[in-house]
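In structure tokens below, several structures.
Each of the next two complexes has chain A plus one more chain, namely chain B in the first and chain C in the second.
Moving on, here comes the complex of A and B:
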């Protein structure tokens, strides 16, 4: 009997392997192989147009750590990630609390809030470039009308305006993610908790800090990890808005990789940047993956 | 008193919502304003004269329709391949036991978080080496690098939500594993498959970086790089035309949104947050 069972189990295992085979094949070809290939390339000097290269060992990495470009890009990446992520969290949690209330046309409001997240970054950037336009943009017009500025402002061509604009547009585009995630969690907090706190005489502010926030803690950790990873690797939004300029003041690591590979034509150096960037992200990724595993275990 | 506070709260909430939605409203308004009205000071909030000339121009004088067709083919093909492979893969990862299963699940999550710029250089070399660069096909290959881990991860959590008893019952009644999969699991998984497909489609529809690097001929360019090219290559930027292009580019998303919102929120809960 037990022999037969193991036979069945073995047949099941074989079937399971067959079902996963296409996934494994595709993964190996388009993800695992390129990943190792990227590490391998980072030890070479590859001239992009001819694709000819020579082994240079660790010299790409040595150059990278000594060059101001890398540290500048790392600094910009951190400013962008931290700035945008904080705004996403503040607006996202605030908006989720508002949408959790019974406001008029709630589902319409929710759709409108969600929309920036789903439109293409290309669309978002085109619209914002038009809003930011120095001659005919509505933003300059409004700011001048209210009297905040006397002359049209250059939103994307000077510092610190460019970084602030990029961070703001990033916050606008990605805060809906926080809204939906927090909203889903809010809806699962038992009402009884609030009733009990009310009876004990807790006001709305005390209820927020004593019940809502602790209940949200777990989901917030997940949101912060995921968004930190995604913001850190953001390419489209920054590349399309400023292209890394003015000078290199909004150039983040992904933009640096692109520039090095396809504008400066050094794929080896670009790979070295990409590998270092991945190593930095690995810290966040491991924390997130650990957390997910723990969740599944419990 | 209480109703007054309620009204005040509603007005506040809605003014924030409208402020967030304003860029999209402005995109729509700009796309139907005639050229001369665009440069009016102060700007008109609603167009004085409505016109669809920019849409007409977009469809008749630019490559927009070619880009649109390319994007439809590209996103549909990616979605089809990825969802088919990922459904089988997720079934295997959740319901079968074999060595290496855990490490595979780990690899899926890892690649789900992996930045595109790490893979893009070797992928570029690979696709150029295979001689398929500059085709829609090469983009489908490139898009699976982010779409497949994503779809697998989503479907895995949908699959985990289906009670195991259902399958066991079917097996007791003499069904084979694949028979049970077809008759019991697939119908249960259908909402999950639909929302995964929608998300994958949107993801592919919006992708920019791979399209920028891998394709540089107008005949196989998708919308993202195609429309952006209209901005860069034009001598005199026609904002109305670009806004019309933006609206048209968002139409499929609006359709998906309007009809299938419940599927979208479901997918959002399963993939983005619960992990």
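Moving on, here comes the complex of A and C:
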């Protein structure tokens, strides 16, 4: 259908453009520009302090795919993401179910549960480092007192302890997000569904699997997508806790990007890593968009 | 099939009492409506019967079991919720089959039962759909199907038709009565709609303020309302209620109000001279001749009849109902007759009891004999 636009319609269109223009400009400056700049830099051999260098084509990418560093970091990233995310989901859903019950300290508990999520990562990591410390850390002290171990354990300096510790701290820091999102959804499930199920003879476990879980499905998809993306690019928590060590055993892709850019001063290589990371996350995004589309279609 | 008995059932929410000492005995296979204005405790009563709410005191009995301590799933009941409460992620077929599945009925048997129920409710075409792909009326039938599939002892329905449009509501009323006749199961039906209660029930339990006001067949509730509340609640347009005084001279009672004085029929022994209330249904007012003087204030034409509101001398307003050809113009003075043999007399106050002596000549016909367990008990007592 083609037809002459009226003056009024054109005026509205102009007004619309004027209104979204600031957003588009800011979006371009802070997202589009860095994105293209990273892709551009990844084709160069750039010395970070001067940001000067020569065109090397795809050789950064070739080197990256052949280096053990990349595959090691990718493996660590996946272990960290999957490990931490699984624990976040288990504790998050569990805690949300507990807080959904009518317990007397519910409102207090709800605010307390948010504490790890609000606390700054630097502070959280400092606290955990104290707890983990082998000389004066309370964890070692307690474990020895109870008699589980005879000597202090090295939580952050050996493997697999370091990865386990990082995953645990990550789970502790981010599970409140899952609690809040799941709790909000739980509260919107109509009571009548549970009552109908009770009358139909469903016990508490059947009610969880037949009512609660299907009702949570959509919000869980969103939580998993968002948390997977955020965990995948998590930097500060791991960097501050282990710095990627021992050796490179907890070095994830974001830490590797940082190392290339600022320790090895190779901004071109760092950009290539960043672009590859972005491509991997793009896969998540496409899966997510496909899923939500399917849901609308059916 | 089972009778349902509430004995002195009380339900408190904190300091608020939602149901006061309810005594109600529902016969086997009976269709009983709980009728009353919003907030009168109907849903609470039904939920206590379902086991979703527990009585603060008193006993509830289904069949010969006291069910106070039984979970909903153990009471052998089915319930249709006002919101339908269909499981959104299950297909229509799985929704209907769910109660059977949770009771361990095998797949083949379950599918057969679902197919049979679906056919009964004309849902066969929809079995593969999800609830959100259905219209309100279809969802309502699925909810009904989920209740019917299991053949429980008692069906509980909480305002099941209130979310349907008027036409569908009328259709479903007939369907439900038909279903009840076919299944012969005890049904307890909550509604605030007197038309539903009047047309469907064997007996109506009229409630107000958490108290049972009257429990009787629809015709009796209409013709002999137990008190002033029931009289005002049942019937559209409502009964005209006029406050005045009763006096007795030579064994004949007379009701007096400003501009109105009429003899009233035999009253019970509880009647005393003093403040009382006269009730007259619109169809028992005849306009044209008579001792009462009034002025036409409003004429509502409904097509087959006219509803006339008449102002009396004392300031009271009276509602009359006349066949359509008869009409009056606003402001016209008319003479009226209030049919004394159909006039009701209630004691003073909003819940004043009906004081007319019950009609002995024309006993009201009931479909069910609610007292059918009585003779047995009496016999047992005599032995």
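Basically, the second predicted complex is superposed on the first by the 282 of 298 C-alpha atoms of A that agree within 3 Å, B and C clash if a C-alpha of one lies under 4 Å from a C-alpha of the other, contacts with A are read in each partner's own complex, and residues count from 1 in each chain.
To be clear about the criterion, a contact is a pair of C-beta atoms (placed from the backbone, for glycine too) under 8 Å apart; a residue touches a chain by one contact, two chains touch by 3 or more.
Model, not experiment: these values are computed from the prediction.
Novice: Return fit or clash for chain B versus chain C, each positioned on chain A through the superposition.
Specialist: Because the two structures are overlaid on the shared chain, the partners are seen to fit without clashing.
Novice: Between the C-alpha centres of chain B and chain C, what angle is subtended at chain A's, in steps of 10°?
Specialist: 80
Novice: I'd like to know which partner A:190 touches here: chain B for first, chain C for second, both or neither.
Specialist: second
Novice: With both complexes superposed on chain A, which partner does A:74 reach: first (chain B), second (chain C), both or neither?
Specialist: neither
Novice: Which partner, chain B or chain C, is in contact with more residues of chain A?
Specialist: Touching more of chain A: B.
Novice: Quick one: classify A:38 as touching chain B (first), chain C (second), both or neither.
Specialist: So A:38 only meets chain B here.
Novice: Please work out whether A:224 is in contact with chain B alone, chain C alone, both, or neither, and reply first, second, both or neither.
Specialist: It touches nothing on chain B or chain C.
Novice: Who does A:168 touch here: chain B (first), chain C (second), both, or neither?
Specialist: In the superposed model, A:168 contacts neither chain B nor chain C.
Novice: Now for A:210: first (chain B), second (chain C), both, or neither, which partner does it touch?
Specialist: Second partner only.
Novice: Looking at the overlay, what does A:200 touch: chain B (first), chain C (second), both, or neither?
Specialist: So A:200 only meets chain C here.
Novice: When the two complexes are placed on top of each other via chain A, what is the minimal CA separation of chain B and chain C in Å?
Specialist: 13
Novice: For chain A, which residues lie in the overlap of the chain B contacts and the chain C contacts?
Specialist: The overlap between the chain B and chain C interfaces on chain A is empty, containing no residue.
Novice: Within their complex, state which residues of chain A touch chain C.
Specialist: 190, 192-193, 195-203, 206, 210-211, 214-215, 217
Novice: Quick one: which bits of chain B touch chain A in the complex? Just the residue numbers, please.
Specialist: So the residues of chain B in touch with chain A come to 9-10, 13-14, 16-18, 20-21, 23-24, 26-27, 30, 38-39, 41-43, 85-86, 88-89, 91-93, 95-98, 101, 104, 106-107, 109-111, 113-126, 128, 141-142, 144-145, 148-149, 152, 177-178, 202, 205-206, 208-209, 213, 223-224, 227-228, 231, 239, 242-243, 245-246, 249-250, 253, 257, 261, 265, 268-269, 272-273, 275.
Novice: If you look only at chain A, which of its residues touch chain B in the complex?
Specialist: Residues of chain A touching chain B: 9, 12-13, 15-17, 19-20, 22-24, 26-27, 30-35, 37-38, 41, 51, 95, 98-99, 101, 103-104, 107, 109, 111-116, 118-124, 126-131, 133, 135-136, 138, 141, 145, 172, 177, 180-181, 184-185, 219, 222-223, 226, 229, 232-233, 235-236, 239-240, 253-254, 257-258, 261-262, 267, 270-271, 274-275, 277-278, 281, 285, 288-289, 291-292, 295.
Novice: What does chain C use to touch chain A in their complex?
Specialist: 50-52, 71-73, 77-79, 81, 83, 85, 87-89, 98-99, 102-103, 146
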